[in-house]
Structures are given as structure tokens and as C-alpha cells.
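We just call them A, B, C, D and E in the order they show up, numbering each chain from 1.
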Amino acid sequence: MFAKFIFIYCALLILGSGVAAVQLRNPVHSVLSVLVLFFHMAILYLLLNAEFLAAIQIIVYGGGVLVLYLFVIFLVSLRTEIKINRFVTNQLPAAVLAFLLCVILLAVLPAFQLGTKGNYTADHLSELTHTRAMGLEMFSNHLLSFEIAGVILLVAVIGGLVLARREKKSDQPEEPLTPSSHCEVEK
Amino acid sequence: MSFPILSLLIFFPIFGGLSLLTMKGENVQNIKVVALIVSILELLFCLPLWFGFDKTTHQMQFVERHNWIELFNIQYYLGLDGISVLFVLLSALIAVLCILVSWNSIEIKVKEFFVSLLLLEGAMIGVFCALDFFLFYIFWEAMLIPMFLIIGVWGGPNRIYAAVKFFLYTLVGSLLMLVGIITLYIKGGQTFDILALAEQSYSPKLQLILFWAFFAAFAVKVPMWPVHTWLPDAHTEAPAAGSVVLAGILIKMGAYGFLRFSIPLFPEAATSMMMVMLALSLIGIVYGGIICLAQDDLKRLIAYSSVSHMGFVTLGIFALNTQSVEGGILQMINHGVVTGALFLGIGMVYERTHTRKIADYGGLATNMPVFAAFFLVFTLASVGLPGTNGFIGEFLILVGAFLTRPWVALVAASGLIIGAWYMLWLYQRIFFNPVNSKWASIRQLDLREIITLTPMIILIFWIGLYPEALLSYMHVSVAHLLEQVSGSPEGVEHGLEIITSHGGEQMIDKMINIKTTH
Amino acid sequence: METVFTLPPLNPILPEILLLCIGLVLIGIDLFFPRNRELLTRITLLAGVGLIAALLYQEPASSFGTMFVVDSYALFFKVVCLTGLVLATLMSDRYLDMEGIHQGEYYSLMVFSVVGMMFMASAGDLIVVYLGLELMALSIYCLVGLQKHEHRSNEAALKYFLMGSFSSAILLFGISIVYGMTGTTDIRGIGQAITDMSLINNPALMTGFVMILAGFCFKVAAAPFHFWAPDIYEGAPTSVTAFMSVAPKAASFAVLGRILFVAFPEIHHHWDIVVAVIALLTMAVGNIMALSQTSIKRMLAYSSIGHAGYALLGVLPGTAEGLSATMNYLLIYALMNMGAFAILILMCDKNNRRESLEAYKGLAGTNPMAAALMLIFFFSLAGIPPTAGFVGKFYLLKAALAAGYTCTVVGAVLLSAVSAWFYLKVVRYMYMSEPGESFTISYTPSLLVVVWIAVIGVVGLGIMPGTLLDWAASSLIGS
Amino acid sequence: MIPLSWYMTLSVLLFSIGVYGFLVRRNIIILFLCIELMLNAVNLNLVAMGHYLDSLDGHVLTLFVITVAAAEAAIGLGLVIVLFRNRRSVHVDTINELKG
Amino acid sequence: MPTYLLIIPFLPLLSFIFTFLFGRRLGTSSHWVPIVSVVISFICSVYALTQVVGGVRVNMDLYTWISSGTLSVSVGFLLDELTSVMLIVVTSVSSLVHIYSVGYMKGEDGYYRFFSYLSLFTFSMLMLVLGNNFLQLFFGWEAVGLSSYLLIGFYYEKVSAADAGKKAFIVNRFGDFGFILGLFLIYGVFGTLHYDPIFAGVDRMVGSSFILFGKSYDLATIISMLLFCGAIGKSAQLPLHVWLPDAMEGPTPVSALIHAATMVTAGVFLVARCNPIFELSTTALSVITIVGSVTCLFAALIALTQTDIKRVVAYSTVSQLAYMFIACGVGAYSAGIFHLFTHAYFKALLFLGCGSIILGMHHEQDVKYMGGLKKYMPITYWTFLLASLSISGVPGFAGFFSKDEILAMAFASNVPGAKFAWLIGTMVAGITAFYSFRLFFLIFHGEFRGTEEQKHHLRESPAVVTVPLIILGVGAVFSGWVGIPAVLGGKAQWAHFLEPVLGHPHNHPSHFTEILLMIVSVGAGAAGIYLAWLMYMVRPELVTQVRERFGGVYRWSLNKFYVDELYDLTIVRPMLGISRGFILNLFDKLIIEGVVNGVPRLIGQLSHRMRKIQGGLVSSYLTYITGGLVVLIIWMFTGA
């Protein structure tokens, strides 16, 4: 019962902050409401006995990703959206479609039936602790995925670097690009 | 394993063409000479076909058979029978003439032109030799590329439209045929071997569907009414050699396709669709003829006349008896020779006048008497004057059609009247009537041009006076074909109804298969 | 409780690891020998060619449980992707110079994306699929946006990023549903579970499936999920476009094939018609819209959409034959499309990209060789014999017909006539128009190599397709 | 015990909100946020299912999704910055140079 | 195969080939080869005749021409009584015309061409008559048509000449249309096209009928009618007579040879040759008789008013040919052939006489500008007179015997319409005499009405022209004597000679009736001559009076009963109109091309429209994508 109450509370807040994030004029406000959403999501994870994920949710999402967003918002420092229409023109069809999608997905839910159970029963999990269980899984069964995720992060780093790096040449793109000029640029 | 003569015939011009590519483009004269030599050698290589052909069997001859793509059971399978052998010869001949007629009229990208022409020749011969459906289709489609270029690069003012129209029109048809071919492969025991496929039997419904799928490709190529409209454009815009190849060989392939594929593979569909095909042919004959009367353009007129003449060919083929089918095949050759010759002639005169409008001509017989004489013979052959090849073909077709369905011959024979009308009118407007002073100093035919036209004259009279020379090649094969389609080497049951009202006996000669009622 | 982690056998995954290392080496070289692009090119090429050779001799195996499967199916796609890498690398050198893209990371990103693709091809688990996909996608987002001073490149990258993320979200949602209903993310396990739990007609499963399908249709640019493709292909640097139109597509088809054939074969009767409609729609959109394009790059983008539609024809029947037809087609498509793009790059010079159709007017007069080669590539793309394009299409049509999809095939065939129309348009411009400007193409050795590989491939496979066909046919899943 | 369907319903709703936002907002950064909403919806689904299935695969996938989301954020924001440098705008409806 | 039989047709052929290829170099001496060869042909023909008289009958195949299935047609020769007569007619007239042409065509452009064409014609005509099967007949039939086409259009730079040639060919094609269908039917029934087996087996047609479109037609009738169709075309009978008068655009020797003596009689030859078939159908015979009679009168009426001398003769030819058809129609084939024989000479003479006049008048053909030529051209005058007397049926002249034979047979015949034919024939005998002498008087008597310059140049033609005239004059008088009827003390050798081929006439009139009929027809002729003399010699004002009195009839006659105009209005124009307006513009360009070009255009427009969808906005793209997804989910949902 208590759990249900918490769920309902979280659900309402998640939906509310979700709608707020989508609707608010100021991007900063949106980011903040998403932050609220993430926190309540973490609560739900706790409710589902996924402590490790709850922590990650707060650390990575709340602490990392959203902060990055905020940085960028401030970096591009565009507050124009506060003044002008924050929506693109096809609002109505988009709303209808999103609604339809929602309705259809809800409509199929009753047909949902749970698959074969695995061996991480609640007892087993609480005995192991979630973090340890995750570690075990990650480094045994999902080792490959873990490695790929590492490469993805590497690519993200490289990509972010490449994209965000301001090139010296950027101010004179018209300069003829001969091999000799490459060398000069390097110096 | 005998000498692979057919492979030689197919690939000699192709390699000849490719080796032309390596020559320097500036040295135009050398290129022409080499192309000519290649084509003449090709013609000489054909001689063994003519002399070595065994006329007493319907079996494929000069067969070459190798596995090619084993996964699909596709074979490199070549062979000739009495139906196809003549077309190979004709192709080789026409190629030589095309090179001759293009000698001076092609002024830009000379090298590429002759390359295209030789590639085209190889592909055309391939089409007639192929006994594997896949191989056939490859050659069939591969022809499109050089032909597209020939029309589009060296053609007249509206050439691009014509070239694209030609390409897409035929492509749509061919693609539908491709679907048919694959379906046939699937239903016919996973083989592309035409002869093996012909021995299978298919359900009537499937036959009908496939028949129409093949019809799409062949009818466009022939061209049968109402899918003929690419032809006038293509003919009109193509350079002389292009028109000649188009008229001489390319559009024969449609009719050849009917003979080689549609009829033996789908006999029931062919017989049940006979009336439809005959009706379309009749429309083609009359429609193509009448429309010629309204043409102001020399080449367009001949193009539409091709529609009419090819109507005769398909009429003959689908009348499905010995005379009509043999006539149809012969008429294909004839039309190739005659219309090819007409286009050669038009090419020569166009080279001098640069106009295709009939109204711009007149009285040319005074200034170009030799040419007028040549053209007269072509005209008369086109009209079907006895003694020329045109007559033999049309006569046999009509006899056959008459035996199958008398009224069909009745309608078709009206094509003879219209044919005479537009051809003679054309001849009059070009060669007769008061001399147009513009052409007072027009150049006579030179030796090269006379040499180009002479073989056609010889063929016209040779076939006209001794058609047996060609007919003898096809007798056995046609009988075999008809046996496949109707169970009798005579073809389908005659539709000529004669009633004898007296006596209990059958009064009419048994030789002719006539219904007798009392 | 002590847990002992044992390292699974690394042999099967060795090519990926090697490639990854090459990627890292490339970064290193870029750091320590900056601007020495030739070295980067050579190493990438060496890696690509070496790995292709290595893959041809790799034994089927699996590792990491069932997460990573090396079967000949996977190997085939890996070869296609690596071929894309090699050819694109060969093309890049000159193009990057011309466009002034100086990032040495270009090659490493390309290599990383190929690593992602190889993981996708071998993935036996949806998690690996997802991660491979993202590795590939993220690298390519960067590659597309590499021309930072170019508005179009920025725009393309951002659009690709936005739509790509959106589609991954949809894919993930689908995965989550399927996971919930089957209790596993293992592809083979899903198939097993569907049978065991008789989920064949379950709407919820269908929904999950459709969302996964949509995710991959997005990646292969199948209608109606194709919208990103034209814009991104046009905006991306041409060498990247060439790469994108070949390698990621192949990898996505690899996954699509594996998922459809291993995880969802039981519900084939549900998805075949969907795939048929998608395939037809894709062909229609690609071929019809290509007609009115004025930029050849964009035209090729639409053509690539159209070709995705054809490739889907092989997936449609759910037969081994069909799948091998698709595989075969993708390799052939890689060759002919790369050839066409190589000509596109050859046409560029520093002052003029010559991406408009107008630039091709009279090419046969000014640069006959380039025109002739383009002619061959375009006729092959149009599927005219005796080119490889025809053989590929033929196999596809045959496979679809054999399974009885006659109407779809007829539609496909008619639309292929439409495609011939716009390919002809270029041929027409090259051969039948007067040249607008006279310029001479300067051929660089690396581009010549690309072009000749492509030509030999296109004509050779057109005439002698036997080996390839046998290879594709024998590379089926599980064999 | 909370039924799984509750979680799923919430997930669907959140997902739809994300989709809606993605379709209608102009600001690219907000679009990124909407992606995060959609991914969170998926995550919720996965975690809940993992929980009810007694399986950790869902949880592991969630972890990777979060990782990828972070990586995406890095690259996406890099792209935004490049775009902003070039155009001084982060409105999604102003980037429509490529079309047709 | 007897050599002489080969020489007869093939020597002219060789002469044609030789002259056509090398004539240009020979120039003015290019006539030698054709003349010599045709004369040799003539000699051989005479030899052939003697052989036939001696009882020889040759039917031999040269080689198989066409063979296909059961169809096998040879090139082969049949020499029998009918053939031998035709050979004589053809080669003799041809020889004379060849010789005559040396003078007539002197100095013309294309001199060699003319002679080569003449040789070609001779060859074709000989092939026609010599053939032993229908297809070879058809070969010759068409080949003479070709020669006719070429010779009519000899002055091809004249539009009217070129038109006339074309018209002749096309109108003939209408006839051939029926002819060839007849051949098909014959082949369908008999399985062969060779004369002998067909004529031996005609009995099997008795009582048989042919079904077309569910209707049944008597086999013999329909075959006969179809063959007759061809004959109508070639022999210029109603309604296909229109080409012959126009054919006068050709040089006059051509008119004499082709359009009077030989080619146009091919129709008669055909009917005569096929008499076993025609005999089976009274209907067909009746139709022939009636068509013949109507044409006979019709052409004679037109001839009354024409002023172009060649046209008068041309219409008279049509009319005389009609006599021959009447003969065939009433079953008196030998009488028809007899008239063919005599007509060949007197009509050729008339034409050649005209030619001589035209030569003298410097190519003036209108009788209005002639008159009083008697004193300038005496030989022409006298020979022309002989011919006119002969055609008018003056007793003793050739025309008298043949025409009276026909009239007698017509009178006696039971074929429906025969009596009518006799009536018309007798009437036309008078009309013929009238217009012949009208022409004669207008040309040779009275005052010269041409220009002074013409008058200055008027002189008799050279010997090369006049000698043939004289020879033909002999023919015009004596050719009839080979068939003097019994009633006049003759032995009717002609009929006896041809009997093996042409059989007996149905009925013979009694001698009394025959005499009576002769008197009537000679009376009619005499009246005609008298009337002509009266109107054109004695009281010229009568002409205008009559003209005013019968204004309507006169106009119709002058304008040839507006048949050309009728055809122009009902066939030519509608055809051209349909061709351009309906088939080309509406059907081909609008409908078929509309579809052919419309579909691509539609696709092109679709393409442009669809580009709008690809508007560049990510949001809209995603909307479409989501839309697609929703649709897919709904679809799968409902499907599952």
C-alpha cells in the first residue's frame, strides 16, 4: 500500500515534470523540471530494488548529463525562445499523433504477458545486493557489451573533441588549401 | 566438341568493338576501316551456318553448352534451328551495311559510334543464338544500351526524347517478361533451358499469365498496336544506321520471341489467345497503314509502315499454320531487308538534303536516277509486288490466315491496298512530280552507296523468285513448332468452313483440313 | 562468495579487437604525427584489406555466451562493411584535401563505426545490437558533421543525430517490450520463447516487434522512415556519404535479417506483408523522388533509398534464398554505388563541387573515360544486363517470386523502370548534351583504384556472378 | 505489490510526452531533453520488467542506455555548439537548408 | 521444256535487264536489243502457235517457286490454244509498238528507260498468259501493273502523269484484293493453285457453299466473283474503270500496247481461262454480263463528248472490253477472246494513229485544235479510217465479225441479263460508230483549228511510225477473217480452235436470227456513222443544238458522270481525313501518346509534389515517421 502510494506520488510528479519540461518556455526551467523527473525516477528504481541504477541515475543523469545541458544552454545563451513561439508549426498533428501513439501503446498493454522468469529472484538479489549482482552480470555475461560501451564513450570523447574544438583556420575558410598550407597551419 | 562458331559470332564483334576503343579517336578513317573489316569478317564467319546447317532436323544445331551460374542452373547454352539461323545471317549482313551507310554521315564521336554498332551486333546475334532464358535476357537487355546511345547521341533534333522513350518503353516490357521468366523457372523445374521448359506442361491459368507477361516484352518490341508509339519516334530520330538496325533486326526480336518462347512454351494460351492476337495484328495492319497516309515525315512514314508490316508478321505467327508461320518468319526477313533498305536509302538522301519532310522533295528521279531505281525496287518490295520478297511473305501469311480464319485474311488483305497507296504516294512525292530546284545539283550515289544497296536488291529478288532458298531452312522447325502448339505439324484446325450439301461422302480434298457437315 | 571471472575465448572477436586497436593507433598517429594523413590512409587501408583477407579465413564460432556469433552470415556482412571502409578511405584522401577537412580523427571515427558495424553483424543479443548500433551511429554523426564550416554539414549532422536518437528510443522501447514478454534479450532465445509461450498472435509482441522493425527500417532508410537519408546524404562530405550509403546499410540489414529470421520467424506471416508494403513504398519514394532532383548527390541518396527497397525484397519471403539474395545485392550495390561516388568525387575540384546534374552535361566529350565509367555504374544501378546490378536484382526477384510474392515483384519491376528513367537522365546529360564548361578531371591513383575495382566488380560480377552467388548462398545463418 | 502494468503505463505516458515534445519544440536542447524523457521511459520499463522477471538483463541494458545517453549528450551538444557557432541559432525549424 | 517457250518470255526479260542497266550508255541506240528480242519472241510465238495447231499442248514446271506445307506453287508454263492466241496478240502488238516507239519517242529523255519498261511489260504480260497456275498469273498480273505504273508515269515530272500512274496501281489493287482472296479460296478448296488439277476437279464445287460470318455463300459464285473482281480492276470495268482514262498520261505507244491491246485484256483472259469455274455459277455469269453491259454503255456515253483524242479512244477501250465481258458472261468465251484479238489490232491502230497525230501536232491532244489533217498525214488518215471502220463494225472488217459474234451469242444466251446485254450492245454499236467517226471527222476533216505554228510543222510521221500503222491496218481489216461465222460461209475456225479450252457456247442462235441480228447491229453502226457525218461534216450547228437540248446529259457525260469526284468524296478524302484527323491526331497522338507520355508526366508531377513533403524540417520528418509507426502498429495490432 505504502509502495503504491509512493508509486502514485512519483508517477504524478514524473508526468507533471515531464509535461512541464515539454511545455515550459525557458529551457533552463525545462532542464530543472527534468532534474525533478530524474530524481523521482530514481525513487521508482529504488522501489524496484535497483539501488545501483538509482544511484547511477542520479549521478550520471542528474550530476552529469543535465549539468552538461545547462552549460550548453548558458553557452549558447539564447533566451530568444522565451520571447518567441516555442513550438514549431505542426503542433496539432504532432499532438494528435503523440496521443494516438499513447493510446495504442496503452491499448496493447492488456495483451502483455510476462516472459520466463530468470534466476535473480528478489531474495537472491537482496542477498547479493544489487550492485554486486550488476557487477557479476556485467563482467560475466555482459562483458562484451560493457567493452563496447567503453568504446562508445571513447567515440563520444573523440567526437565531442572534434566537434567542439575551435580550429584556428575557422576564421579564414576561404584560404586556398594546398598541402603546403597544411604544414603552416601546424606551426 | 566442335568449333564454337556461335560464340565466335557473338563475341567477335564485341571484342572488335572493344578493341576499337583503344584506338586513337582522331584517326577516323582507320576506325571506320577496322570496323568494316570486323563486320565483314563476321559475315564471312557466318558462312558455315549457311552451308553447314542441316535442314532435315528441328534439333538445335551448332550447340554450345556450358555451365555458367550453377546456383541457378543457368547455362551458357547456344544453338540455332531453322527459325533463328536466318536472323543471325541477316544481322551480320545488316551490320556491314550499317557501317557502310554511316561512313560519312557520322561526324561526331565516330569511334564511339562504331563501337556501339559492333556491340549491338554481338548482342543481337546473341539474342538469336541463346537457348538459355537468362542468357537470352542478358543479350535482350544489353542491346538497349548501345541502341539508346545510337539514337540519343547521333540522332536528330528530338533524339533525346526518342531515345528515352525507346529505352523506357522496351524496358517496361522486358521487365515484365523478366518476372515471367523467373516464374517460369520456378514452375518449370528450376531450369532456364528453353527446350526443357518447352517440354513441361503448365496449367492453363499460369500459361495465360505468362503469355501476357511475355507479350508485354515482345509486343512492345514488334511493335504491336497499341504499344507501337515508340517506334515512329525512335526511327525518326535515329541516324540511318540506327534506323536500319532497328527496322532490320531489333523489331524482329519481338516476333522471334513469340515464335521461340510464347508459342512453344504456352501452347494452350497461344491458341486460346489466338483471336486476340489476330485482332491486334489486324488493327496494327490497318491502323499503321492508314496513319501512313497522314505522315509528312519520310522516316515516320516508313516507321508506321513497319507497324503495318509487322502486323502481318504477327498475324502470320498467330494464325498458327504452316503457311502463315513460315510466311511470318519469311516476312520478318523480308521486312528487315526491305525496310532496312528503305532506311539505308533515306539515310543516303538525308545525308545530302538534311530534311526529312516529304514536301521538301520532288522530282528526285531526274537528278538521282540510280537512286530512284533502287528506291523503286524497295518501294515495290514493300508494297508486296510479286517477284519481290515482300509478296512471298504476305502471300503465305494471308493464305495461312485465310485457312485459319477467312475473315482475318479479308481484313488483312485491305492492308495491301493501303500499303500500295501510301508507298506509291511517298515515292511519287519524292521522286516524281516537278523537280525541286533545291536539289538540282544533288550528288549521285557513289560506289560505296551502290555497294551498300546492292545486296538488298539481290536479296529482294532472290527471295522473291526463289524463296525456297530460305523456306527450306524453316520447314522442319516450323512443323515441329506447330506440332508443339497444336499437336499437328500442320498447325491449328482450319477455320475455313465449306459445306457440301449433297452426297454422304466428304467431297473436298482430304489434304486440306476442312470441316464437312451434311 | 568468490566469483571467478573467466575470459571468454577472444579468437572470434580478434578482428574487431584488431580494428579497434587500429582505430586507437590512428588517434595516436594523429596526435603524434599530426597532419600526416598519408600514414593514416595507409594504415586504414592496410587494416581494411588485411581484415578482409583474415575474415575470409575465419572459422565460425561464438563467444561471450551467445552474445557474439561468428557465422558466415556475419562474416559476409563484415566483408561488405570493410569493403565500404576500404573504398571510402581510398576516396577520402583527395576529397578531404579539397574540402579542407583536416581532422585526423576522420579515419579513426570511420574505423570505430566499422567496429560497431562488425559487432552488429555478429551480435547474438539485442543489447549488443543496440550498443553496436550506437557505436556506429555516434561515429557517423561526427563524421557527417566534420565539415564544421559548412552549414550543410552541420545541419545534416544535427538532423541525423536528432532523428537517429529518436529512432533508437523507439527501437529501445520495442526491445523493452520484447524483453518483458520473452524474458531474454538473446536473439535466439526470443525466437525460442515466442514458440514456447505461443506469442505468435499477441498484439503486444507485435507492437514491440514493429517498433524494433521501425528502428531498423530507419537505419536502412526504408520508407516511411527514410526522411533523414536525402538530407543527410546531401549534407555530409561526399566520401562519408559514399561510406554511409554502403556500410551502415549493410550492417543494419545484417541485424534486420538476423532478428527477423532468428527471433521472429514464427510470425513471418504477420510481417511479410508489412515488409512488402515497406519495400514497395521505399522503392516508390526513392525512385520517384529521384526523378526531380537536380543535384546528383541527392539523386544518389534517393537512389540509395530505392535500393534499400530492393534489398528488402529479399528479406520479405523469409527464406534462406531471399536473405542470400539481399546479401548478394548489398555487396553488388556497395561496388556500384562506390564507383558512382568515386566519379562524383573525381568531378570535384577546389573551386567547384560539380554536384549538380548540369555539371555532367557533355561529360562524354570532355572526359570520356569518366563518362563511360559512370555509364556502366548507372546502368548497373538501373539493373540493366550485363552488369552486376542486374544479377543482384534478378536474384532478389527470383527469391521473392519463388515465395509467391508476385504482385510485389511486379510493382518492384515497374518501379525499377522508373529508376532507369533517372539514371538515364544522367547518361543523357553526359552523352547527349553539349558540354557547359570544359574541364579535365585529374585522376589520382587511389581514386583510380576505387573506380577500377568497382568497374571490374560490376562487369565481372555481371558476367561471372557464380562465385559471389555461391558465397552468399552458403553464408546463411547457422550454416 | 505494484502491478507491472502501472509501471508500463507510466512508461508509455512518459514516452508519449517525450515524443510529443520532440515533435513540437523548436529549441534543439529541449529536443535533447525529450530524448532523455523517452529513454527514461524505456529505462523504467526495462527496470520494472527486469524486476518482475527476476532477471538482470533489463537492468544491465538500462545501465548501457544511460551510458549511451551520456555519450549522445556529449556528441549532440558538440553538434549544437558547432551549429550555434555557424548560425547563431539553435532553432530546429531554422535548419532546413537541405530539402527537396 | 521447249526452248522456244523459254525464249518467249525470258528474252524480253533479258532485254529489260540489259537495257535498264546499260541503256544509258547506249543512248539513242538502246532500242535495238528490245526490238530484236521482242521480234524473236514473236517469231517463237508464231512457232508456238503452229505447234499448238499441230496438237501440241505443253504444261511444264520450271521450278518450285513457293512451297510451304501442302502449298506448292511452281513457275511453269502452259501452252494451249488460248495461250498461243494471247502470245500472238502480245508479241505482235508489242513488236509493232516497239518499232513505232523508235519514232515516237525519239529525243525523249529516258529513251532507254522507255524501251526497258516496254520489255519489262512484254515479259510480264507473257508470264501472265503463259503461267500454268494462278499464282504465276498473279505474278504477271501485278508485274504488268508495275510496268503500266512506270509507263504511265513515264513523264514523272508532270504531276498528272505521276498521279495517274499511282491511281492505276492503287485502283488495280482494289481489284487484286478480291482476286487474291479468290486465290485463297481456291487454294482452300482445291489445295493447289495449278490450273489443271483445279479445272479437272471443279465439279466438286457443285452444291458446296462457303460459310463466312455464319452466312453461307455458293462456293462457285463467290470464287467467280472474287476472280471477277480482279478482272474488273485490270480491265477497267465499272466501278474500277477510273484509272484507264487517266492512264492516257503515258506516252501513246504505251496506251496502244498496254491500255488497249494487251494488259487491259488480261481480265478477259482471266475469265476465259477460268471458264470452268464461272460456268458453275449462273449468278456470276449474270453479274459479269450486267457489269459488262452497263460499262459498255457508260463508257460509250462518256466517249461521246470527250475532246482529248486519247481519252475518247480510252473510253472506247473500256466500252470494247465490256463487250468482251458480255461475251464471257453469256458463256461465249471464244467470242470474247475473238473480240480481244481483233480489238487488239484495231484499237492499237487507233492509238498509234492518235500517236502519229499527236506527234504531228507537237503533243497537242485536244481535238478542238485539230481538223483537216487528212492532207498532211495521209497514211495516218487511211489507217485511222480502217480502224474506225473496224471498230464501228462495218461488215468485212475485223470488228464486225467479233462484235457480231458476241451480240449473237448474247441474244441466244439464257443467262439472266443476256438479252439486256444484247440490247445495250447493239445500241452501243451505234454509239461507238458515232463517236469513232466524230473523232475521225473532227481530226481529219474540216478546217485546221490549231495555231499557225502547229500548222507549219504539220507533216506525216516517219516511216518507222507509219509502217507499224500499215501493218496494224492489215490486222484491223483481216484479223477478223480467222473467225468468219458459218452463217457467212466461214468455218468458224476460231471457235473450233479454242474449243478445247473454252468449250462450246451455251446456245447458238439460228442462222436466220444471226443474220437478223447482224443487220440490226450493222444498221446501228451505219446510223452512227451517218449521224456523225451529219453532225460534224454537214451541219455542224447541230452539235450545239444537241448540246443545248441535252445539256444535263452532256454535262454528265463530259464530266465522266462525276465518278472520279464521287470516289474522291467517298473514299479518298474520308480516308485521308480519317487518317489525319481521327487516327493520327485523335487516336495516336491524343489517346495512345497521351497515355504513353501521360504516365511519365504524372510520375514526374508526383515527384515534384513529393519533394514538398521532404521540406527540410526535422519536426515534420519525425511527424511522418511517427505517423508511419502508428499506422504500422495499428496494422499489426489489428492483424494479430
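Just so it is clear, a residue touches a chain if its C-beta (ideal position, glycine included) is under 8 Å from a C-beta of that chain, and two chains touch if they have at least 3 such contacts.
For clarity, every value in this text was computed on a predicted model and none was experimentally measured.
Asker: What are the chains that chain D and chain E both touch?
Answerer: A, C
Asker: Please name the chain that ends up farthest from chain B once chain centres are defined by their CA atoms averaged.
Answerer: In terms of C-alpha centroids, the chain at the greatest distance from chain B is A.
Asker: From the C-alpha centres, identify the chain that is farthest from chain E.
Answerer: It is A whose centre lies farthest from that of chain E.
Asker: For chain C versus chain D, what separation do you get between their C-alpha means, in angstrom?
Answerer: Between these chains, centre-to-centre, one finds 26 Å.
Asker: Suppose each chain is reduced to the average of its Cα coordinates; what separation in Å results between chain A and chain B?
Answerer: Using C-alpha averages as centres, the distance is 70 Å.
Asker: How far is the middle of chain B from the middle of chain E, if each middle is the mean of its Cα atoms, in Å?
Answerer: Distance between chain centres: 36 Å.
Asker: How far is the middle of chain B from the middle of chain D, if each middle is the mean of its Cα atoms, in Å?
Answerer: Taking the mean C-alpha position of each chain, the two centres sit 66 Å apart.
Asker: Quick check on chain C: which residues sit in contact with 2+ other chains?
Answerer: 127, 131, 134, 138, 141-142, 145, 148-149, 158-159, 162, 166, 177, 179-180, 183-184, 202-203, 205-207, 230-231, 421 - these are the residues of chain C that touch more than one other chain.
Asker: Can you list the chain B residues in contact with two or more other chains?
Answerer: 168
Asker: For chain E, give me the residues that contact two or more of the other chains.
Answerer: Residues 600, 611, 614, 616-619, 622-623, 626-627, 629, 633, 637.
Asker: Going by the touch rule stated at the top, which chains touch which?
Answerer: Touch list across chains, by label: A-C, A-D, A-E, B-C, B-E, C-D, C-E, D-E.
Asker: Can you tell me which positions in chain D touch chain E when the two form their complex?
Answerer: 19, 22-24, 92-93, 95-100
Asker: Contact residues on chain E for chain A in the complex?
Answerer: Going by the criterion above, the answer is residues 617, 619-620, 623, 626-627, 629-630, 633-634, 637.
Asker: Spell out the part of chain D that touches chain A in their complex, as residue ranges.
Answerer: Its residues touching chain A are 1-2, 4-10, 12-21, 23-27, 29-30, 32-34, 36-37, 40, 43-44, 47-57, 59-60, 62-64, 66-75, 77-82, 84-85, 89-93.
Asker: Hey, which residues of chain C end up touching chain A in the complex?
Answerer: So the residues of chain C in touch with chain A come to 3, 5, 8, 13, 20, 27, 34-35, 63-65, 67-68, 97-98, 100, 102-103, 105, 108-109, 112, 115-116, 119, 125, 127-128, 131-132, 134-135, 138-139, 141-142, 145-146, 148-149, 177, 179-184, 193, 196-197, 199, 202-207, 350.
Asker: Which residues of chain D touch chain C in their complex?
Answerer: Spelled out, the residues of chain D in touch with chain C are 4, 8, 11, 15, 18, 22, 28, 31-32, 35, 38-39, 41-42, 45-46, 49, 52-53, 55, 57-58, 60-61, 64-65, 68, 71-72, 75-76, 78-80, 82-83, 85-87, 92, 95-100.
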